[in-house]
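Structures follow.
Here come two complexes built around chain A, the first alongside chain B, the second alongside chain C.
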Partner chain A sequence: MKNASKMIPCYSADTAGVCSAMYELGGMTVTHDASGCNSTYSTHDEPRWYDIRSDIFISALTEMDAIMGTDEKLISDTVKAAEDLHPKFITLCGSPMPMMTGTDFDAIAEEVERRSGIRTFAMHTNGTHSYIDGASEAMLAVVTEFVNECPKADGIGVNILGMTPLDFKWRGTSDLMKKWLGESGLEYISCLAMGSTLDEIKNAASAKVNLVVSYAGMASAEYMKDKFGIPYVCGVPFGIRAAESLADTIKKAAESGSSVLLAERSTDTCDTVIIGESINAVFLSSALYQELGISSSVICPLPTETRLLNSCDAEYLAEEDIEKALKELSPKTVIADPLYKSVIPKGTRLIGLPQFAFSGRCFEKHMPDLIYTDIKEYFK
Partner chain B sequence: MNNNYADPPYVKISDADASGLFSSGLEYNAPARGMWNIVHMGMLIPDAHQIYVCAQGCLRGVILTAAEMFELDRLSWISVSEEDMFNGHLESDIVDGTADILRRLDRKPPVVLLFLSCIHMFAGVDFENALNELSEMFPDITFIDCYMTPTMRQTVSPVVKMNAQLYAPLKKREKDPKAIAIIGCDRPTDETSELIGMIRHAGYSIKDITACSSFDEYLSIAESSLNIFYIPTAKLAGEELEERFGTKALYLPACFDSDELKDGYRQLCGALDIPMPDLSEQESRASKALSDARAVIGDTEIAIDFTAVTRPFGLAKLLCEHGFNVTSVIADTAGEETSAFEWLKANRPDLMIYAAANVNMLNFPERPHSKTLAVGQKAAHYFNTDNFVNIVMNGGYYGFSGIEKLAALMTEAYRTPKDRRTLISHKGFGCASCLDS
Partner chain C sequence: MIKLAIYGKGGIGKSTISSNISAELTRRGMKVMQIGCDPKADSTSLLCGKRIPTVLDLTREKGSRLTLDDAVYESPSGVVCVEAGGPVPGVGCAGRGIINALETLKKLGAYDVYKPDVVIYDVLGDVVCGGFSMPMRKGYADKVFVVTSGEKMSKYAAANICMAVENFRDRGYASLGGIILNRRGVRDEDEQAKELADDFHTSIIGTLDRSEEIQLADEQQKTVSEAFPECKAAKQLSLIADGVLASFK
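The block that comes next holds the complex of A and B.
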């Protein structure tokens, strides 16, 4: 069974990806789902919930609503809440039950927008897909709606695309990214969607390069390349040397106008396996090679594209496939979220790298700072 | 305070109708995590293994509940994809996935709690057939149908149903005339309570799922000759055990009214065939404890929420009767508390009732608040106070001794602020938590 798991968790779902991407932008996000189902997101997918208030709500769908098709309740409740809270925009997300009943979120969003006078987005989530898909759709909606042509910044302006706490340590990462950009002679324009306001994001077309830090940012990057001619570079500035190298790649991309997807990786036999989101894992692999001479391959259990991976990398979604692959590869070291422990072969060393989209709050206190920071000690 | 909400989050009790306090609308989720969910409850059955079949978004909460309490090895899952809902595999995946998981488990559990979700109910999945097939494949395992169906909360609440299913693996046994079970609780009842004292003094042993350390011990709950419950959500569990084993179910509500408590004890004595003891000393001690607490707490405003005690309006009435300044109750319904509600309406007409999940409660903590003593985690959060009594579902306290203990906890909370963020973030009050490590 490819969809059965004995022990390891599943990743955050598409609805969580939408909520996470929209969290800091001043909008109101409504998931059409049962009462209480928002506690999953607010407890396990959202580290900002206690400290930063955001208009993220649930519609409290009941079985009778589903049977009777009472879309009107969702519409009027949403409009009523918007009257009280005055969000900058509204986002509607689907969940499994509305998918079964064929709820037309595009039509509902249109009606909410007509009644409230507030721009309303329909997200095509249903709770069965990955947070990457949800965050990707949400980010694309934001850039499509709010980013318009504007004068370029004087220097090499950079947008960060695809950053949410589901993939990146919430506290500290934005500051480290800004520090890295500043010290590399690059100019921070905006970050979608962690640490930037909607107004900052509206100015995103002033950038010369987009930095895609997770696959959730890829669709937005492609859109901005087509619409504004902004090239993108995939990468995460792990470590010091690798971060400097990534900054050089951005500068070259600004000059050439060409996008860069791949990282400098070892072609040697790999004795280390990294499990994680594709761009994060690939660029960690690159950083380990550049900083420590470690050759590593990647197992990506999340949506991505083959063009982002090397031939030694693999895409496996199921617990049993990951377990089997690790057994066959028999690596000396696995770098992965600590909750992968149960599928790591005996005798293999596990270097825990907690990811909120996988283990939620379990290891939040132990998340390391790896951005523009010496990583040698952590991975030696 | 803004009085022009399209969807007001509060109502003055004098203007409130006990039959419906608030209209339904969008909901906010306060970051107070102490209430137990179906995963915490399922873990009460020793050695049971939980398997959830649902969409990824629904799975996440249950899996990480188990992970946070270090019980991930007792929970597995089968994710339902978009295609599964239309390709005819919805039912076969339940059986195939469960069988696959069980074959891969190192140790076969005696009981599997198999949870289906809203989409299965909506699709009319034949749950019974799936359980029969699994029982044939694994004859040594008892499979219990369980439900993660929050959309059905207005017909059969998942917590009520889960409470009943916790006792479903029990098999009929010869009754022990000197054994009594307390059912439906998520923690043991305070040993110093007069309830426990009366039962033990009459020579009865007490069986309680919260105290079972082995599956055999759990099975012995079926030997009970009387099942007592005091949490309203255990009513269905009591009724089903009465129907299956003929064991009388006795509801002794965890209330704060002296007459109602004594009436319950009289019923208990009748069931145990013992004389009603003189409880005046316990009653006096409770009253004195409240007076002592009042002397310390004075006119400080008090907010009570429904997660702390199952009868928040009853507690508010008791405290008001003893001179406390109860100003707020957080509750979405008056439930079975009509009498206390009406008393407060007549005697404390300015008491405010707040909707626990109303969207306009989102920014309520940031509003200016007078110094407030909170009873419960949600009250602590919404009234932005570190002076709070940190209990969930009565905290195991009961009766006059429970009132005495609660008065002491209120005094302590008034005197000593708590680390609110840490305490209310802890999921499942009383359970182990990785947040502590």
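The block that comes next holds the complex of A and C.
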């Protein structure tokens, strides 16, 4: 049973990625799924649910709807809700059941848009892929639809791409990012999609550089590079010195117009392994090296690209592959979500770095602030 | 690029007609890709002289390492052949299989790599579920041709297919290209086929008489024009190919 997780949970699914990316943008998100499933996407996977209102719905798909292919119910319910709520846009997501019955979301979205007069996006989610895929598709849809050419900001304007609470601590991160940009002489334009309004995002083409903080933002960064000529820099401003170094990289990219993907990392033998989303993990590895002289490698269990990783890093999706790799590497320390504990060799130190997409609310209170903050104490 | 789907009741001759159209258009200098959308995976065996591995079997075997070279075969006559495949009878979901196979081909860039002038989707039986409407969806076939005889069940299936095409009209799916009459010697067969065509505001774009040469060519695993180029059936199949092309003008 390859890819069956026996001890560790699986990451949030693509649908949760869409809901998370669209959460604060004033749209209406409808997942075509059985009644009750909204709690998965909007409460278990969503720390903002009790604090920020968002119009996220489940179509309450029944067995008979699936058998009879009654797309009309989804279309008319969505249009009716949109007439009441006046969302800025509508997003339709799939789940496993409509995947099996071959629901044509592109055609349904066209129909909803025709009847409601509201821009409607069809997301090609089916609940079997990672949240990265869903968030990536949703962010790209927003950028493609709403970002148009506009005058450049006076300073070095920066968009943050790929930020959702599934990868980043919700409370505090936006403020720390803005503080870091401001103190580094950079100008915050927008954040896709945590802490920004749709109007701020519409202004995204005024930026000189895009900062891609997770792989979910990569497709949008590539699109904006092609469409508006905005270069992108991959990175997360962990620590103080590494954050300053990342700010310098952004300034150089603004000047040269060239994108920068890789971080300053050690090539020494690594006795520390970081498990997590690729850009987060790679730039935490870089920060550990710059701030503490720690050499670390990365195990990425989520969609990414080889060009973002070093030769010492690895992409493993299956639990048994991660477990085997950790046995072979035999690191002194593993930095990962606390729920990875069960696949880490005995005697190995685990520094817990909770991730909402992996352990949900379990360790929410223990999520540290690492952005533009001294990280020495946490990782010493 | 011309993209068409051929539907019709099981056993009505869709694969034979599809393969003969493919071979005929290839003979005229066009690059044709024929995609069998049937779990039986025998649409292209007439063209290739053997069964070829299916996209779904290869996906199961190779996963993300699957390439177009694994799944695409060129027949001796030059037709680019693909079989979607599907589960064995009685288990799984054949409709979902068609969706998965067609999405895989698209993801692998099959249409960009082979740049066919004509794509023919040879689709199993009736439009029994969402999966079997996949070839008529936006981005796949532009026109649907329905093969029927004058037999009651064949006409019934044909009417269902035509109705599905009509139902999906607002979705920008394929339109009805026409009826292909595969005569089985039923009384008033031409009139019955015409009545069906009239009901759905379409026309009969070609006819094929029952002939021994078709069966003999099938047994030899050859197209009719290869095995018996001068026979009446070969000429009728050539006219059907003309009718298909004409409907796109």
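Just so we're on the same page, the second predicted complex is superposed on the first by the 380 of 380 C-alpha atoms of A that agree within 3 Å, B and C clash if a C-alpha of one lies under 4 Å from a C-alpha of the other, contacts with A are read in each partner's own complex, and residues count from 1 in each chain.
By our rule, a contact is a pair of C-beta atoms (placed from the backbone, for glycine too) under 8 Å apart; a residue touches a chain by one contact, two chains touch by 3 or more.
Quick caveat: nothing in here was measured; it's all calculated off a predicted structure.
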Next item on the list: Could you classify chain B and chain C on chain A, in the superposed arrangement, as clash or fit?
Entry: fit
Next item on the list: Could you tell me if A:D84 is touching chain B, chain C, both of them or neither one (first, second, both, neither)?
Entry: first
Margin query: Is A:G276 touching anything from chain B or chain C once the two structures are fitted on A? First, second, both or neither.
Written below: neither
Note to self: Tell me which partner touches more residues of chain A in the superposed arrangement, chain B or chain C.
What the structure shows: B
Margin query: Per the contact definition in the header, classify A:D104: touching chain B only (first), chain C only (second), both, or neither.
Written below: second
Next item on the list: Name the contact category of A:L339: first (chain B only), second (chain C only), both, or neither.
Entry: first
Note to self: Looking at A:G69, would you say it contacts chain B, chain C, both, or neither? Reply first, second, both or neither.
What the structure shows: second
Margin query: A:G235 in the overlay: touching chain B, chain C, both, or neither? Say first, second, both or neither.
Written below: neither
Check: So, A:R361: does it touch chain B (first), chain C (second), both, or neither?
Finding: first
Notebook entry, point to check: After the superposition, what is the least C-alpha distance between chain B and chain C in whole angstrom?
Noted result: 5
Check: So which positions on chain A get touched by both chain B and chain C?
Finding: 99-101
Next item on the list: Sort out for me which residues of chain A touch chain B in the complex.
Entry: 1, 3-7, 9-16, 30, 33-45, 49-50, 53, 55, 57-66, 73, 77-78, 80-81, 83-85, 95-97, 99-101, 126-130, 320, 339, 342, 359-363
Next item on the list: Would you mind writing out the residues of chain A in touch with chain C in their complex?
Entry: 69, 99-104, 106-107, 110-111
Note to self: Considering only the defined contacts, which chain C positions touch chain A in the complex?
What the structure shows: 93, 95-96, 99, 129-131, 133-134, 137-138, 168, 170-173
Item checked: Parts of chain B lying in touch with chain A, wherever the complex brings them together -> 5-7, 24-29, 31, 33, 54-61, 63-64, 67-68, 72-73, 76-82, 84-85, 93, 96-98, 100-101, 104-105, 117-119, 121-123, 149-155, 357, 359-360, 362-363, 366, 421, 425, 427, 434-435
